[in-house]
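In what follows, a single structure is set out as structure tokens and then discussed.
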């Protein structure tokens, strides 16, 4: 259909909404959804608008050109894309398949606006799952010695398919600082704790040791600073004294899958905008 | 401060946001918050805008006059009020005080944008609580014979104080059809079940009898059709086989208070718009 | 391992726990888990004990024989089985695969103590999913004319495999009264609403029409009285005015899967005991 | 009535339940509630039993004497008290009254099995609230210089009333190490974050800075190690990008009150047993 999605941020000042909506009105577009947020702390304004152009065959480039003058006037950082254009996504996993299984089923049933161009893993355990969905599987093992080469392979894949999102669905390797930087805002990780609690390895075991009564999961953009990237979504699961660390691991699977799926879904609908080290989520 | 809140609904068509925001821009207002919803089913458009006029002393009447031409063009149903103007509210209770206690504490700590002009009860149990907050208490007993008179007293109170919201904080009497109609959209009730489950009397006992694993509470606008009014908010509490009906009653208190407080708070911030028998909640 | 699970119910009176635990102590068993509930309303006592016999090769029949005298003294209805003995289960589905997908993944990863002896469907859509897990798929179409025959086929399957649990993972056909009666307490259904709200067909559409702010799902044992069987588990998902009936359907998938998986898991660990038209869940 | 509550822990071995329940059976007691937990990690066994002695006038000392031989045989640490015996409690607050207001209302309505022998504050803001409930209010200001004296006053109060629980309902002073040690397991604090996230001062501001999507509260026993004591209960509240630190503070009030009330209620029903630096909660 002829829907476009516009996301933007700029220094806040009167007249932004008027300018944007006047522009859309003049081009006979009808606003379907519109959300905005004005951050008094940073003085920046954020907006997401989904509008119906009424056209069967939309020339996005033309709409971008036309909007450029509005954007320039306000110093906007912005993006404009067709609502139906799927995000080109690579999913990375290691051995645990619960998050991948949940994501693939949702994706197959049309809930995730993405083309999964490949599944990458440092193991082969989940190759059958990838194959059952007809998705190319890339086995890229990682050792200390081969890490640079492995990342080079990943970069090639990203470049070859013009990948827009890398979804780390329990990928247990740390990406290099360089890669984190180069793919900034394009890599979503699921951390199996309620960040900032229990950073690093074996968070459920840490949680058990601390005797918490609630465990959680956190989806966040990956930065060079491990487990410190902007948080997209979090959710929790109650636990009690009868559960040991392994029970927490099992109980956490569900919340990991849920939180990750939401984050990926929102990203693929252009609902997330970075605001320094925080996220605006127009869910 | 100089903030105004505009709420409106009208038949959906291109140009509404542009017209409203252009109007505000021309009057040098800065949009602080803006939410909209386009209901494809009914073809109606709904909007709430909070904007800063930049003026120390806002003449609301003047702003209303000016906006009238925009409103007329689109056939808008609309309201415009100062953000700081408290809603004039009457709270009605019977014997259970938990919802009232919670509401009054929140109100006292500034969370509810209301002037509580009086607390009305068909009993005297909660008079001390009303007094401890310095709020006038009106004891209006209700029997089959005195019901008409009691409602007349209530109407007087409403008229005398120009009451904008009647909050039924576990008021156990049914209002007459006439009163419901005359006060349409201005009376919020808390029903102690997860509507439409367990309408009518003793919902926790009904819930126990059915063996549910989750109980709930529902805040809704009151209509002549008992427990059928537009739902504003709902929430739940888990229960288990060890709890009897009285335990459910106790467990439910918390969720009743929470749900009711949210509904009243939102109403007093002009965040709720009626859409036929449903609510738009711009929370 | 040598763990056994004992579940029992009987008229409540002093000495039950003493008798059971004394018996286990004399047989050198060590109690691993024990839960009990005394229902003052019905005067019945319910208990679940998991104990370690300390034996590598447990002769369950022998333990049953020995326990019989204790059981007889108190008029117990009881069961004793090895903790590791998987429940023989048939899963029935129609076209929606989200609940099945979630269940199969959990089952594959060892969370559900069951042998899935077959997947039965009145459609063929989910045959590939069944096959990818290596589970026999039975296509048993149902029309008004063939219903009796279809149920006969199902009964054969149940008899042939000594099936202990039939899990209706969004099976959209109503079972006959006779079948419900004959399989009483052995059929778990997932209803896609927060029962007793929205019984019958298209519950999400009913929920949308009523304008609720929370949707839910209910796992219950099937009885001849449609959607009235004993509730095992319920959970909810928040919704808002922006969501239409189809959005509710999508949002509900997750909670349906979650609720159903818990109910099936608990059944297969002998954690559920029927108490008239209610359930005791020793989760 | 004649109900007693027994709580115990001891090294795990076969025969504990049999011995305890046989003892109760011989004394003609009927078990009302019973919960147990066997910690494989530490090899300890924990149990809580509530039983009905059937006696109008129970001589607790006598029951203690009789149970002593059972306890001795298994090396039990144990307590036995009448179920109706209220815990003697002191509540400490500073300026924020939401947690106190919630606790007092629940206490007044009979939900908390406690005698509040006094409310202690380093400020006078909440004196009226204390008075409205008829509870003695003690203003004990604390400065660096007077801290020792202030704690001496508190110790006197504790000694004079044989206080069993000190409930820190947002008391903003740190207790000295000595006091923490001397009152070990008898002081419950509510920390306004989801521990171990955001220890120390201004946790909501820390939470805002980190950009979390969920905030929480934690009730825990106080130890000399600040914010590191055994966790009793935790719960959470969703937040979003529109909320600043002050909004988080307001949103958190509700969850703080809820979490704290549960912890205090459970403690006063002897439902919590310490297991090294963790809690067993037989809720």
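By written order: A, B, C and D. Residues from 1 in each chain.
In this text, a residue touches a chain if its C-beta (ideal position, glycine included) is under 8 Å from a C-beta of that chain, and two chains touch if they have at least 3 such contacts.
All figures in this text were calculated on a predicted structure; none of them were measured in a lab.
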To reach chain D from chain A by way of touching chains, what is the minimum number of steps? 1
In the contact graph of chains, the distance from chain B to chain D in steps is 1
Counting C-beta pairs in contact, which chain pair has more, A-C or C-D? C-D
Name the chain whose C-alpha centroid is most distant from the C-alpha centroid of chain A. D
Based only on mean CA positions, could you tell me how far chain B sits from chain C in angstrom? 41
Could you grab the centroid distance between chain C and chain D? Build each centroid from C-alpha atoms only and quote it in angstrom. 37
Return the residues of chain A touching two or more other chains; collapse runs of consecutive numbers into ranges. none
Residues of chain D defined as touching chain A within the complex: 37, 40-41, 194-198, 210-214, 216, 230-236, 240-242, 244, 275, 277-281
Residues of chain D touching chain B in the complex: 97-98, 101-102, 105, 109, 111, 128, 132, 250, 253-254, 258
Residues of chain D that touch chain C when the two form their complex: 12-18, 21-22, 24-25, 28-36, 38
